[in-house]
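Note that the chains take the letters A, B, C, D, E and F in the order they are written out, and that residue 1 is the start of every chain.
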Amino acid sequence: MRLLLINPNTTQALTERLAAAARTVLPPDAELVTMTARRGFAYISSRAEAQLAGAEVLSMLAEKAGTFDAAIIAAFGDPGLSAARELFDIPVTGMSEAAMVTALSLGERFAFVTFTPQLAPWYGEKVTRMGLGARFSGTFTPEDSFENIGTVAEDLRTPLLKTCITASRKADCLILAGAPIAGLAGEIENDVPAMLIDPIRAATIQAAGLARLYPKGASRGSFKRPPAKPSQGIDAVLASWIGRKEEP
Amino acid sequence: MRLLLINPNTTQALTERLAAAARTVLPPDAELVTMTARRGFAYISSRAEAQLAGAEVLSMLAEKAGTFDAAIIAAFGDPGLSAARELFDIPVTGMSEAAMVTALSLGERFAFVTFTPQLAPWYGEKVTRMGLGARFSGTFTPEDSFENIGTVAEDLRTPLLKTCITASRKADCLILAGAPIAGLAGEIENDVPAMLIDPIRAATIQAAGLARLYPKGASRGSFKRPPAKPSQGIDAVLASWIGRKEEP
Amino acid sequence: MRLLLINPNTTQALTERLAAAARTVLPPDAELVTMTARRGFAYISSRAEAQLAGAEVLSMLAEKAGTFDAAIIAAFGDPGLSAARELFDIPVTGMSEAAMVTALSLGERFAFVTFTPQLAPWYGEKVTRMGLGARFSGTFTPEDSFENIGTVAEDLRTPLLKTCITASRKADCLILAGAPIAGLAGEIENDVPAMLIDPIRAATIQAAGLARLYPKGASRGSFKRPPAKPSQGIDAVLASWIGRKEEP
Amino acid sequence: MRLLLINPNTTQALTERLAAAARTVLPPDAELVTMTARRGFAYISSRAEAQLAGAEVLSMLAEKAGTFDAAIIAAFGDPGLSAARELFDIPVTGMSEAAMVTALSLGERFAFVTFTPQLAPWYGEKVTRMGLGARFSGTFTPEDSFENIGTVAEDLRTPLLKTCITASRKADCLILAGAPIAGLAGEIENDVPAMLIDPIRAATIQAAGLARLYPKGASRGSFKRPPAKPSQGIDAVLASWIGRKEEP
Amino acid sequence: MRLLLINPNTTQALTERLAAAARTVLPPDAELVTMTARRGFAYISSRAEAQLAGAEVLSMLAEKAGTFDAAIIAAFGDPGLSAARELFDIPVTGMSEAAMVTALSLGERFAFVTFTPQLAPWYGEKVTRMGLGARFSGTFTPEDSFENIGTVAEDLRTPLLKTCITASRKADCLILAGAPIAGLAGEIENDVPAMLIDPIRAATIQAAGLARLYPKGASRGSFKRPPAKPSQGIDAVLASWIGRKEEP
Amino acid sequence: MRLLLINPNTTQALTERLAAAARTVLPPDAELVTMTARRGFAYISSRAEAQLAGAEVLSMLAEKAGTFDAAIIAAFGDPGLSAARELFDIPVTGMSEAAMVTALSLGERFAFVTFTPQLAPWYGEKVTRMGLGARFSGTFTPEDSFENIGTVAEDLRTPLLKTCITASRKADCLILAGAPIAGLAGEIENDVPAMLIDPIRAATIQAAGLARLYPKGASRGSFKRPPAKPSQGIDAVLASWIGRKEEP
């Protein structure tokens, strides 16, 4: 089983952090390959940036089409996720969706913990849009600010741990939201009285599981691949994929 | 007041149909200017196409930044709407959101009527994501198929009218969903026992209203314009807008 | 376009405050006329008072029937709103409904800010009844008490501003709820990091917009004007309107 | 225990029908006294009529204040219910609320059955406003029309029975909605495979129960009786009750 | 009318406390008989313990089948409630369900107050599962710990009163959750600005009311008694009840 | 990785059917062992039977405690699931929960298809209780009755396929609900235009995934194992597990 981890951010170091966390939970028959966005932003932190990153994710998937068994969109906002499910006939997972879905099977209520209040409204919006508001206790963040997104997991480790302890009073499961803190869950879980969910691990496990269950992905219903369609002015590889005539 | 109607589809005839409907409700101090997408698809009919169209919408808005008082995204899926609200300091409205919001002030329950069952799941998804499921009675479509998207409003006029009459038993307001049937509401409203909402008219009125109330748009809260940010590989005008240094 | 602003409270000074705020956003072709309740309470602050005020609103509308293009019920509880939509064939808007509906197009989450905790439960009830709980962050009020309802906007200006700043952490849009603080939004908006919604402005803009879209108001579906009906013991003008034989 | 059954309709025959059904479930220590509206409509069938009837209900309660242990508002729309709970220090129940609340303890899902589709949207609105949409399966009505509201329970008995049988496929409990069909549940219950709820019986039992639990009614929280307040132009007895100085 | 109060906990003293509170609201024609679990736990405080207690409740009901008019499951988690409604043709009520249902008729929002934060997540889960989240303000508990579950109502009386006063800011009605504090509501209600609901009183009143309305209980719809069925290895009396051939 | 498949029904043939379906998706490092209930019912088809089966599931898990890495409760009602998560420190999954959670990542809306309308209300209840009503399109069943629960998948194959095709108009994913039709999804998936979810496969994949992510199961938050507690009269092995002193 070949899994493709797509980092929609353009930062290679982030790809490596995400891959390291993902590899801790790989099934024995799975191989993980990574890919870093060439267009876009060093770190996606707004709806607008995610809108553009979603288009890049589709191009990346088109480029690798037919060579993987499942793909993981490795940014917490899941840019391009539902579009990818339509276009490609392999399972595609996203960090925020996979984390929430995992939370539903571990406890009654879940919360988000992230490293900056700036991301909280957008992240919380994901829950409402999934229709999971009845199981959600809110987003918790440290008061402290950070200087370097690349080392925020280390720099804010103590405040994040404290935030997790506080959030544990409101939820059974805490989702450590945001790619820059991938892997942190494994390091602090013994000090927190709630379950910790590392979204990249959840998304990797989910991708592997869906690949066993649905080798062709979400290929039916309203997520069936749309009919071939001409386009103009979009990325050539993607345009070719969308417009191809040979589709069954 | 200058309003920019952006058609995210690449079909010029559709832009004209939309503008004609919009002009029937323009306030006397408003001028409507149109713009048609140069990249993308003749007619957006999937989540994947909307993902790409949303990026194009942002580029179009960047190109016209500073020259309009409000903008209307004239496709029923509202591609790029929340991203546009973040990036630009004018009000931006979308056809599906404006139609739903109008329905809330006209009746207790609303329904969608559209011309093909293929669009129903994606359109219905919009309601759930808005958190308005408690007011929604479903999506109704004719059984008949159509041949030409450009004349579907005329070709399916009778089946659409019958569908509206059926849907009237379930809802106070019917939203005639989809840009290709813009204007139809005005033609059949006397024959339908429910209120008819023409999304492009609703979006135009809403754009004009918000321009009076909020000349700078949704420029605060989590929709505040993100800080300047470098990018790579995206549309040059948009990249310049996102990355500009002179932002206050 | 002639808009009728109905103040369901019996305080003339409040009518003037409301009208002043409304006039800041009038379209050029709209004229605003005001009317103050002759029966009822100086300031409505309970469900029971609103129940009675709603009946008075219907009488006021019956008295002016046929002479206006749209009406605004200018009290935050929207007394008589849905009843008015049934009985009269012009658009009718209310302050709380219009404010909430505006919030849906400006941000993801909204909150109420009002001047006394006594009103909070009743106001919050409005949100649940609209079915908008998934987008609502609660009602925020100052701890300070006030002495004079007529000058509460001035007397509590600083505490209200502080409350707005606090509430900004939880919501993109703040609705300044309650007729006595009409106009305050315009004065403090530069000091608050969220969008401020002044309900009377929102209701005025909405009334003007609906008058363009639906000159006959919510005149179909379950809000269609009920058949003529005899009554006994109710206000004569209203009884005549409800019982008239000449209705088409 | 003295229970006051208030019929907000002006039809005496309806009061008698309601009282007859209520008396079948009276506890041995309860006495039922009835009162028929002197102002209003023969039969309330719209939001506007209910708005006015709610004011009359408050006047009727004010007239009898201090002489009853609990009151029942005997119209399915519950006109004036929450206002009555605020103003009077005895338990007050309503037919639709009591019926829904009873359904929650008898089954998982409930539905309404009523005698005309005209009432369906307004009745269904009650469910959404109670926040009980997740337990509701819709409103079912016969296709047949009726001529005389006074004998609709008899005239449409067969179609209503058929409608109940159909609705039984969708719900565990059926609420026979509308005062004119009070008592019908008892007559057809053996022929219907779902539980039947007669709203007037449910409201009577609930009034008696609340009178035992809360002799002083819902007199705290946001339903606490508002402070004394002057008014102008409203019903004299009610004005005196609202404005009394001697309130503790 | 004979009411059976079943204490699913094995503590006799708790049965007496519950019965004492229940007797304060008994209708004159009702007799209350109690029964204490012989199998299970001194005090149920987890989902697992409730799972087992629910089975014991069914056995207790089978043992008394045919000798009572209604039954009350006197533990806040309502163990075995929906199963009991299926199996037995008398009304069966539970403390948490009855308390919530009562709250819906007394105010807009309700909250839980209980004596330990350990029970809060499980109790809150009950609300979500009932579909009443839109009316719920959360669970409030004292910070203080207790030593003896048998005297917690007395030992934590002051902290519980303080907690009630705090919770009153968020809700109209407070449900004093948990059998060990049965009766406390009656003692502190004059000191709390919200309505207090004593679940055992609510459940008793509801059982008496349903016995008048539905002498055969929830005996139709999906709660109809299942067909006779053989079993193996379960409690003999219960097995005989479930497997009996003579069922009509 | 050792996975324990617990069949809460007492029918060995059903265990074999479930295991056969589960084995089609086992990861290479997983071994599946099965266990069939010794107490209870041949086939669980009511809330009451599930209440009792849940207790048996806990006994079965206690008997095998410490010898497995994860467990699957193989009945669609998930009897004892949340109780099992509390008591045992391994992941435990259930067929209905796992199927719903899988559906959230494959499409926007899901529906149930099952073989008899008798099960529909209880199964639908599961969705509401999970808080997933906004994503659910209802339960679909054939009209045909069946004679033998052991061969219902074969006997009703054609009607079930037709039902799936009908349900495909309302949902992206169809959950084939009920242990007796385990495996059917794999046989008919090519003939159905929606995604088919086989709950036992989904539960098996989820158990394997959670075992990688959370070797100790839902062992924190409100699902933390309760403190040791004495009991009386319950199954000896389970009583010993619940009451053990050596717990950390």
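Here, a residue touches a chain if its C-beta (ideal position, glycine included) is under 8 Å from a C-beta of that chain, and two chains touch if they have at least 3 such contacts.
Here's who's who by UniProt: A, B, C, D, E, F = Hydantoin racemase.
Keep in mind that this is a model prediction, so the values were computed, not measured.
Peer 1: Hey, what chains does chain A (Hydantoin racemase) share as contacts with chain B (Hydantoin racemase)?
Peer 2: Both-contact set = C, F.
Peer 1: Specify the chain most distant from chain B (Hydantoin racemase) by Cα centroid.
Peer 2: Result for max centroid distance from chain B (Hydantoin racemase) is chain E.
Peer 1: Using Cα averages as centroids, what's the distance between chain B (Hydantoin racemase) and chain F (Hydantoin racemase) in whole Å?
Peer 2: 43
Peer 1: Provide the C-alpha centroid distance between chain D (Hydantoin racemase) and chain E (Hydantoin racemase), rounded to the nearest whole angstrom.
Peer 2: Distance between chain centres: 27 Å.
Peer 1: Quick one: which residues in chain F (Hydantoin racemase) touch 2 or more of the other chains?
Peer 2: In chain F (Hydantoin racemase), residues 108, 121-122, 128, 131, 134-135, 172, 221-222 touch at least two other chains, as defined above.
Peer 1: Pull out all the chain pairs that touch, please.
Peer 2: Contacting pairs: A-B, A-C, A-E, A-F, B-C, B-D, B-F, C-D, C-E, D-E, D-F, E-F.
Peer 1: Chain F (Hydantoin racemase) touches which residues of chain B (Hydantoin racemase) in the complex?
Peer 2: 117, 121-122, 124-125, 128, 133
Peer 1: Within their complex, state which residues of chain C (Hydantoin racemase) touch chain D (Hydantoin racemase).
Peer 2: 10, 38-42, 45-52, 54-56, 58, 80, 82-84, 86-87, 121-122, 128-129, 131, 221-222, 226, 229-234, 238, 242
Peer 1: Which positions of chain B (Hydantoin racemase) touch chain D (Hydantoin racemase) when the two form their complex?
Peer 2: 108-109, 134-135, 169, 172
Peer 1: State the interface residues of chain C (Hydantoin racemase) toward chain B (Hydantoin racemase) in the complex, per the touch definition above.
Peer 2: So the residues of chain C (Hydantoin racemase) in touch with chain B (Hydantoin racemase) come to 25, 27-29, 85, 93, 97-98, 101-102, 104-108, 130-132, 134-135, 168, 171-173, 192-195, 201-202, 205-206, 208-210, 212-214, 218-224.
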